[in-house]
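Next up: the structures, one after another.
Shared between the two complexes below is chain A, which pairs with chain B and chain C, respectively.
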Partner chain A sequence: MAVCTGCSLLCDDIEVSIDGRSITRTKNLCRKGFGRYRSLTSDRSVPRVDGRQTSIQEAISRAAEMLRNARRPMLFGWSCSTLEAQRKGIELARRARAIIDDTSSICQGEIVDMIIRRDIPSCTLDDVRNYGDTLIFWGCDPSSSHPRHMSRFSYYPRGEKLQRGHEEDRTAFLIDIRASPTAKILAGNFVQIPPGGDSDLIDAMLAVLDGKIPKVKDKKALISMMNTLKKADMGVIFPGLGLAYSLKGRMDRLKALVDRLNETTRYNVISMVGHYNMRGFNQLLFDETGFINRVSFADGVNHGPMYSVVEASKSCDLAMIVGSDPISSLPAGIAKALARVPMITLDPHRTLTTELSRVVIPTALSGIEAGGSALRMDGVRIEFDAIVKSEYPSDEEVLSRILEEI
Partner chain B sequence: MVSAMEIYQLTPKLNCKKCGLPTCMAFAVALLAREKQIEDCTPLLEPKYEAKLKKLREVMAPVAGATETGLIIHDERCYGCGNCVVACPVNVANDPKGSAIGLGPKSDKVILIVEDGVVKCLNPKECRRFGPNRILCNLCTATCPSKAIEFV
Partner chain C sequence: MRVTIVTFRDIFQSEAQEIDRFSEEYRKMSAVVFLDKSDAVKAGVKEGANVLVESDNGRVVVVARISENAHPGLAFMPNSPWSNRLVPAKTDDTRIPSYKSISAEISATEDKVPTVEDLLREMVS
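Moving on to the complex of A and B:
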C-alpha cells in the first residue's frame, strides 16, 4: 500500500503498479491524487544558478553561500515537505538567523493555532468515522479540495457506532457562499450565505441556542438546523479557507459557537488543511518555539505579523522557498515584491517561482520518490516509503547538505 | 440524457408492429431499456427514413456505452472521490472491510471501484437494478458531486 500526498488526508490505502520508473496503474487514488502521481514525469525542474543549467551540487553550494551572506533571509513554504525535512528547515532557520513562515500564514493558520493550543477541541478523522453523527462543512468544498474526505471519513462510510452511514445515522450541513459540487450532494442541508456573512450567521445560531428569534430570512430552516445540531452525540465542524478568510482576526466568534455547543453536547473542530503536511510544520514549529508560524530567529525567538510571508517579502534580502509557489499564490502586490528579492527554490516541478529564482534545486516528489512522515489534517502521523527510485535528492537531503556547507 | 419521447420522435410513427411491439412509443421505451435494437424497426431502414435513422443512431450512441444496468460513466467529470463506491449497498454488503468503512475495495465482488482517478464498473450483474427482481436503486448516482454517473 502506498500513501498519497495529494492533500492533507494522506490516504494510505493506495495500490500502485510500477514498471521500472513509471506508474502503470493505480487503485483508490482520486483524480487529484492521480494527478500528483502522474506529475512524476511532467514538468520537472532542473538545477540552475543565475539562469544557467548546472549540477545539483553546484546549486546547493551556491544556495549555502547566498544564505551565509544574507543579512535578513526568509525561509518559506514547507507544507509540501516531510516532517524530517521541516525539522532540518527549522534548524537551518536558526542557524541562518532567518525568518521562517509557512503557507498557513496566508491560509488557515488562525484555526490550526487554536487547535494546537487546545483552545478549541479537536479529534481524529477516525473518531469522525466511528462517532461523528452531525457534521458542518463550513466555507469549504471537500468534493473538490479533499475528494475522498466524505467517502473515507466523514459522511458515507460505516463507523463503529454508525452502522448505517449517511443513509440514517449521519447528518451533514454545508455553509458556503456558493453552490459548490458538495452543495449538490448536500442540497437539502445547504445554507447559502452572502460573502462575509459567516459572523452574522454565528450570531443567529447563538441566538437560537439562547432561545431567541434569529435575525435571518429563513428562521424556520435555521431553527430546525440548530435543533439537529443540539441533538448530536458527537458533532464535528470542518472549517475551510472560506471561513478562515471571512473570520480573519475574529476567530473568537468560531470559538464562542463551539464553546456554546459544547455546553450541552460534544463538538470538535478539524481544519480543512490543504497541503499534505502544513499541519506537521505548524506542530513542529510550535513544539520548538511556541508559535505555529511567523517566527524570526534573528535575535532569539520572536513572533509577529511582521514575520509573515506577506510582510517579510517586502523586507527580506534573500528568500528560500521550499515546495511552494508563492509567486502564483500570493496577492499580486506581495508577489511582485517577492520577485524582486533573490530567491533560492527547492521544488520537484517548474513553477512561476522557479522560473524567477536565482537558484533552483530540483527535489524528489515526497510520497512517491522520497519517504518520510507527515501529519494528516487531524494531526495523526502517517509514514510512507519511496515507491520509485529517483535521481533527485529529497528536501531533507538538500537541506542537510546546505546545513553542512553553511 | 436522451428521453423516450425524443426517441419516439425519431421513429417512423407507423405503429405497424413489425418490431414486435404494439406501438412506436413502446418501441422507444424498449430501445432506451436496451431490450430492442434500432434495426428491429425494419421500416426505419428504408431510404425515406435515412435522416431519422442517422439522428437516432447519434442520440443512442452514448446509451450504447452503458452497462447492462444502464449505468453510464462520464470519465471526464469524475473526481474519483469514491462516494459512489462507499455508498453502494452491494459494495457495502460484499466488502465489509473495504468500501463499507471508506477504504479502497478489498473484495473483487464490488460493483464500483476507482482506478487511475476515475470510477469503473466491475460487476454490473451484482447491481440491484439488474435481473428480474431489480429495484430502482440510485444510491450511487445520488452521492455524486459531479453527475459523472447516471442511469439511462
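Moving on to the complex of A and C:
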C-alpha cells in the first residue's frame, strides 16, 4: 500500500503496480491523486543557476552561498514537504536568521491556529467515521477539493456507532455561496448564503439557540437545521477556504458558535486543509516557537503580520521557496514584488516560480519518490515510503546539504 | 456589467495543475469565468466567447461559460494565476488577500486569452 500526497487526506490505501522505475497501474486514487501520480513523468524541473543548466550539487552550493550573503531572507512554502524536511527548514531559518512562513498564511492559518492552541475542540477523521452523526461542511466543496473525504471518513461510511450510515444515522449540511458539486450531493441540506454572509448566518444560528426568531428569509429551514444540530451526539464542523476568507480577522465568530453548541452537546472542528502537510508545518513551528506561521528568527523569535509572505515578499532580499508556487498563487501585485527578489526554488516540477528563480533545485516527489511522514488534516501522523527509485534528492536531503554548506 | 468574482477549486483543474501548469489543458480549465445567464445577456457575452474581466487591481481576458443555475451578480472563476490578476494586492490587517470577493467589470472582447508564458512576461515587465 502506498500513501497519496495529493491532498491532506493522505489516503493510505493506494495500490500501485511497478515495473522497474515506472508505475503501470494504480488503484483507489481519486482524480486529484491520479494527477499527482501522473506528474511523476510530466514537466520535471531541471537544476539551474542564473538561467544556465547545471548540476544539482552546483545549484545547492549556489543556494547556500546566496543564503549566507542574504541580510533579510524569507523561507516560504513547506506545505508539500515531509515533516522531516520541514524540521530541517526551520533549522535552516534559525541558522540564516530568516523569516519563515507557509501557505497557511494566505489560507486557513487562523482556523488551524485555534485548533492547535486548543481554543476550539477538534477530533480525528476516524472519530468522524465512527461517531460523527451531524456534519457541517462550511465554505468548502469536499467533492472537488478532497474527493475521498465523504467516502472514506465523513458521510458515506458505516461507522462503529453509525451502522446505518448516511441513509439514517448521519446528517450533513453544506453552507456555501456556490451550488458546488457537494451541494448536489447534499441538495436537501444546502444552505446558500450571499458572499460574506457567514457572520450573519452565525448570528442567526446563535439567535435560534437562544430561543429567538432569526433574522433570515427562511426562518423555518434554519430553525429545523438548528434542531438537528442540537440533537447531535457528536457534531463536526469542516470549515474551508470560503469560511476562512469570509471570517478573516473575526474567527472569534466561529468560536462563539462552537462554544455555544458545546454548552449542550459535543462539536469538533477539522479544518479542510488543502496541501498534504500544511498541518504538519504549522504543528512543528508551533511546537518550536509557539506560533504556527509568520515567524522571524532575525532577532530571537518574533511573530507578526510583517513576517507574512504578503509583507515579506516586498521586504526580503532573498526568497527560498520550497515545494510551492507563490508566483502562481499570490495576487499578481504581490507576486510581481516577489519576482523582483532573487529566488531559490526547490520543486519537483517546473512552475511559474521556478521559471523566475535564480536557482532551481529539482527534488523528489514525496510519497512516490521520497519517504517520510506528514500530518493529515486532523493532525494524525501518516508515514510513507518511497515506492520508486528517483534520480532526484528529497527536500530533506537538499536542505541538509544546504545546512552543511552554509 | 459589474459582478462580484468568487474564486473556487475545481477538481478537473486541480488535476490539470498537478500534471502540468504550462499545458493547454490547464489554461482551458483555469482561464474561464462562469457567468449567470442574465448577467451574460446584459454584458453581451456569449457562451465560449472571450470576456475581459477588469478589477481595480488588474485585468485579464478569459473564456465565458454560462452557468446552468442562476447566480445573478456573482461570477465564479477557478483559483489560478488568471484570477490572481484581479485579486487586490492591498490587504487588511490580517494580511490575507481577498481571493473570494472581487468587484469586477465584465465586457465582451476580441482580445486573446493570455498563456501562462504571457502572464509570466508581464510579471517581470
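In this text, the second predicted complex is superposed on the first by the 406 of 406 C-alpha atoms of A that agree within 3 Å, B and C clash if a C-alpha of one lies under 4 Å from a C-alpha of the other, contacts with A are read in each partner's own complex, and residues count from 1 in each chain.
In this text, a contact is a pair of C-beta atoms (placed from the backbone, for glycine too) under 8 Å apart; a residue touches a chain by one contact, two chains touch by 3 or more.
None of the values given here were measured: they were computed from a predicted structure.
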Fit or clash - chain C, chain B, common chain A: fit
Touching partner for A:147 - first (chain B), second (chain C), both, neither: both
Partner chain in contact with A:369 - chain B first, chain C second, else both or neither: neither
Angle at the Cα centre of chain A, taken between the Cα centres of chain B and chain C once the superposition is applied, in steps of 10 degrees: 70
Partner chain in contact with A:198 - chain B first, chain C second, else both or neither: neither
When both partners are placed on the shared chain, which of chain B and chain C touches more of chain A: C
Chain B versus chain C as contact partner of A:102, first or second or both or neither: neither
Which of chain B and chain C A:395 touches, first, second, both or neither: neither
Partner chain(s) touched by A:31 [first = chain B, second = chain C, both, neither]: both
First (chain B), second (chain C), both or neither touched by A:246: second
First (chain B), second (chain C), both or neither touched by A:185: first
First (chain B), second (chain C), both or neither touched by A:352: second
After fitting on chain A: smallest Cα gap, chain B-chain C, Å: 7
Overlap of chain C and chain B interfaces on chain A (superposed complexes): 31-32, 34-35, 143-144, 147, 181
Touching residues on chain C, where the partner in the complex is chain A: 4, 6, 8-12, 14-23, 57-58, 69, 71, 74, 76, 79-81, 84-85, 87-101, 116, 119-120, 123-124
Complex contacts: residues of chain B adjacent to chain A: 78-83, 85-87, 92, 100-105, 113-118, 139, 142-147
Complex interface listing, chain A residues touching chain C: 6, 31-32, 34-36, 38-39, 42-43, 105-107, 109-110, 141, 143-145, 147, 177-181, 195-196, 241-242, 244-246, 248-249, 274, 305, 308, 310-311, 325, 327-337, 339, 349-352, 355-356
Chain B partner contacts - residues on chain A that touch it in the complex: 13-15, 25-35, 129, 143-144, 147-148, 150-153, 156-159, 165-167, 181-182, 184-185
